[in-house]
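Shared chain: chain A. Partners: chain B in the first complex, chain C in the second.
Right after this comes the complex of A and B.
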């Protein structure tokens, strides 16, 4: 019973890690570099939703506030690619890493100067509601988190698998030169991916905020999500989600049954084990490539 | 009718001048081949026309439009498809997805063209649900050509279609290239190291050396030239003393 209880909470947590990890992977595939500001984009998205939605701020209905925040964060992601990332096109990968770390700091200070550093609570229609069945208490927030993640992941999968532009995005990530040759506007596709990952980060941020107070430093969760992305293979969308779920579930279980601070280390221990035993990640996309 | 004409194209790789004023013409329905040694600038010329590189100077006239400096997607939209050196397929996408991406810039339906490609390359139809990365080199070359056809191009540029293929497969690919030209009327610009087969397939040729066109003319004329014979077709020249003249100068006449 207790284990089941822990696992449901862990699954919901894992969904949030997974969503942030999805953002890592999408940008990794588009710009061939890791966006270390992904966690801070999540934080910013959550705060923007809070700014639109909370009654002492703009007071819009919850759904509208979240949608607006997603649109705004899509624009911010798009803009970051257009204005900043495109300038360092062709530079070594490391340039993007430093750039996005700096960008993360900027987001943190922006959020801090607007909303302050004391934790704030996002008002949600399902705050504090619980469902009971058997001996288990499931909070509605957890259920919503799992449900929304499921829907969003399916939508993303459908986008990449079935739409013209999604196919173009896949093509651009597999062979950029060939994508140019067949006439895919690669730069515009990359902007779109950054925008999308901004919107996905917003959803993750809002889901995170339904489970507790937020402050400008919650973006550090991005490091854990990065571990999730690496576990999944950094390049595989289903892998990222699975990596997130594994970390999410292991953390509370280890916290309950394992000694000391092992729970906090568990994501990175798992990452190390995966990297040692399967260097390509669980869902590696590295196949034999004929020349 | 002239489909493509470049005038005095100059393209640089950083400080290195790869094209030093190249002017070529391609007429409707022709196969035009460009011969040249490694590093002569053949691929650069293709990339410049396709918009992957921008020329410093010179003009590219395509069906009456100036296309020098346009982005590659605009060039494809105008009707130029490039089949790049080394195939460059999308390895994790299926063959059919690869082909559909070839028609990416087209607004109209490409279903007929898909059938056409499958008609010329039945093996692609057989394996259409497989990832392109698992195809053999020759099949990947077929896929790259098919992908180029999907754009229904007015001009198709083929960069080294024989690269890494066995002589037999090279024959097969060039047979299909000739058929596409004869049956579908596809105008082609062909870069090839294998001068024998290129001169046998094409109608007209240019010889590119160190970024300059040094010779032009019908393929019959090129084949008859002593320089081509010796330096591209590998005929060993006979001299009075019955030895190969290893320091002979090219005259390009």
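Right after this comes the complex of A and C.
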């Protein structure tokens, strides 16, 4: 029973890791780059929603606040791509890694100077409501988290698999020059994807905030979300979610039955095992070209 | 404009192109050796710190700048070097033994990690090193008998042949020790880069496919580069431990890894000189910020209330360099020097970057 309880909490946690990982995977799918600031974008999204929604700030209704935050973060993601990331278009991935790490620090500084470094709580309509069945307590926040994540993953998967823009984005990631030649507006697609990943990050941030207080350093959760994305295989949306769920479930279980340090290491140990045994992740996207 | 007259093929790979550049290095070294007589204790300690950062930067430069392997976890190797050195000295070994052994341990650890890691390319390697960093950080806490756990550990005082090299009691000696280590490593590094091994590093960085076609064992080369890189970083870690004196796992945070990346990128990727320029920048900017802070208080602006300003300024500098000068400070210097050397003949688009397009790494 205890194990089951731990696992439900873990699943909800894993969904959040999965959502942040989705953000990485989207950008990776579209531009073959990895946005190391994704965790910080999640943090910023959560804070913007808090700024709109909390009664002592602007006091808008919860739904409106989240929507506004998503729109704003879409704009920020779009803007970051337009103003900063586009400048290093075509440069090696390494440049983007360092650039986004630095961007993450900038986001953290911005959030810290606006909202301060003391933890704040986002007011949500479903705070503190629990469902009980048998000996298990499921909080409404957990259920919402799991539901929203499933819907969002499906929607994004459909976006990349069936829409014109989604396919164009995949083409742009595989070979920019070739994508140009067949008429894909690579730059515009990139901006759009960055904006979308900002919006997804906001959802992740809001869901994270329903489960506890937030401060500007929660962006470090992004490192765990990487592990999730890599376990699933960078470039696979369902894989990212699966990776997030694996990490989310293993972490609390390891924390219960093993020393705390081991629990903290567990996501990375799983990730290294996956990388060593299946270098492309569980849903591998790497193919050797046949010559 | 100077004409270098080459009379043998060996001149092509000489460390110094001509006598003047050799003389320049000699003068620089002489000034560095004489530094304890020229400046006060405070600046001498800062100089030692800069040298240690330059050493760590050279370590990372082998991997990032010369072999094209991005590592986000080099703070882990600093930590291993520092803890190994302190543990060996606490076990009774003299510094002269423990110091190289600490470097060796770190290098071996790096090479062991590298064997699976080098099979991954680009981004996967960066993330794997990040994971290794987190694991090492937690291991430091777990291995309390050796590392002192959360409480930390006191780095033993350095004594060689009865002469004290303590960081506080004999600062000039400690400074000379750092200088000697840095000089030897730099000399070795520069020579490595003109040997077949060093050339194969560059080949692997520039094009893995063509390197393989030329008969280079890519996996072994990358593992060797990573091992060397972590070994040198381990040496820097050992010195850093002695410099700080008392340290725990928090000294080697993720920010140190990122600062190290900053050192190599801002300094100039692929140039040994870049590691030094980057190290100077990273140790000087916090000082400049604090001086600026004190002066601004005088005219009524109080910046001390804004936490995280240093990191913010570093980040902005980094973003600026990545976008506008990817070759770093040394690359900029080379451009300025060339402009002067060929004076009236310089053209505007001489250093124009070639337009490049990204291709997927998912298909090899």
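What to note about this one:
Note that the second predicted complex is superposed on the first by the 285 of 291 C-alpha atoms of A that agree within 3 Å, B and C clash if a C-alpha of one lies under 4 Å from a C-alpha of the other, contacts with A are read in each partner's own complex, and residues count from 1 in each chain.
Here, a residue touches a chain if its C-beta (ideal position, glycine included) is under 8 Å from a C-beta of that chain, and two chains touch if they have at least 3 such contacts.
Fair warning: this is a prediction, and the values are worked out from it, not measured in the lab.
Bringing the complexes onto one copy of chain A puts chain B beside chain C with no clash.
After overlaying the two complexes on the shared chain, residue contacts for A:177 are found with chain B and with chain C alike.
By the document's definition of touching, of the two partners only chain C reaches A:235; chain B does not.
By the touch criterion defined above, A:93 lies against chain C but remains apart from chain B after alignment on the C-alpha atoms of chain A.
In the superposed three-chain model, the partner touching more residues of chain A is C, compared with the other of chain B and chain C. Using C-alpha centres, the superposed arrangement gives chain A a vertex angle toward chain B and chain C of 80 degrees, stated as a multiple of 10.
Of the two partner chains, chain C is the only one that A:113 touches; chain B does not reach it. In the superposed model, A:129 makes contact with neither chain B nor chain C. Of the two partner chains placed by superposition, only chain C is touched by A:103; chain B is not. Once the two complexes are overlaid on the shared chain, A:164 sits against chain B while remaining clear of chain C. The overlay of the two complexes leaves chain B and chain C separated by a minimum Cα distance of 6 Å. In the superposition on chain A, chain A positions 174-175, 177, 180, 285, 287-289 are in contact with chain B in one complex as well as with chain C in the other.
Remark: chain A residues 31-32, 34, 84, 87-88, 90-95, 97-99, 101-103, 105-106, 108-109, 112-113, 117, 173-177, 180, 223, 226-227, 230, 234-235, 259, 261-262, 264-265, 268-269, 271-272, 275-276, 279, 285-289 touch chain C in the complex.
Interface residues of chain A facing chain B in the complex, by the touch rule stated above, are 164, 167-168, 170-171, 174-175, 177-185, 285, 287-291. Chain B contributes residues 50, 52, 71-73, 75-77, 82, 84, 86, 88-93, 97, 100-102, 104-105, 131, 133-137, 140, 147, 151, 164 to its touches with chain A in the complex.
Against chain A, the residues of chain C that register as touching in their complex are 64, 68, 70, 72, 116-117, 119-120, 122-124, 126-128, 130-132, 134-135, 138-139, 141-142, 258, 261, 265, 306-309, 311-312, 314-316, 318-319, 322-323, 326, 355-364.
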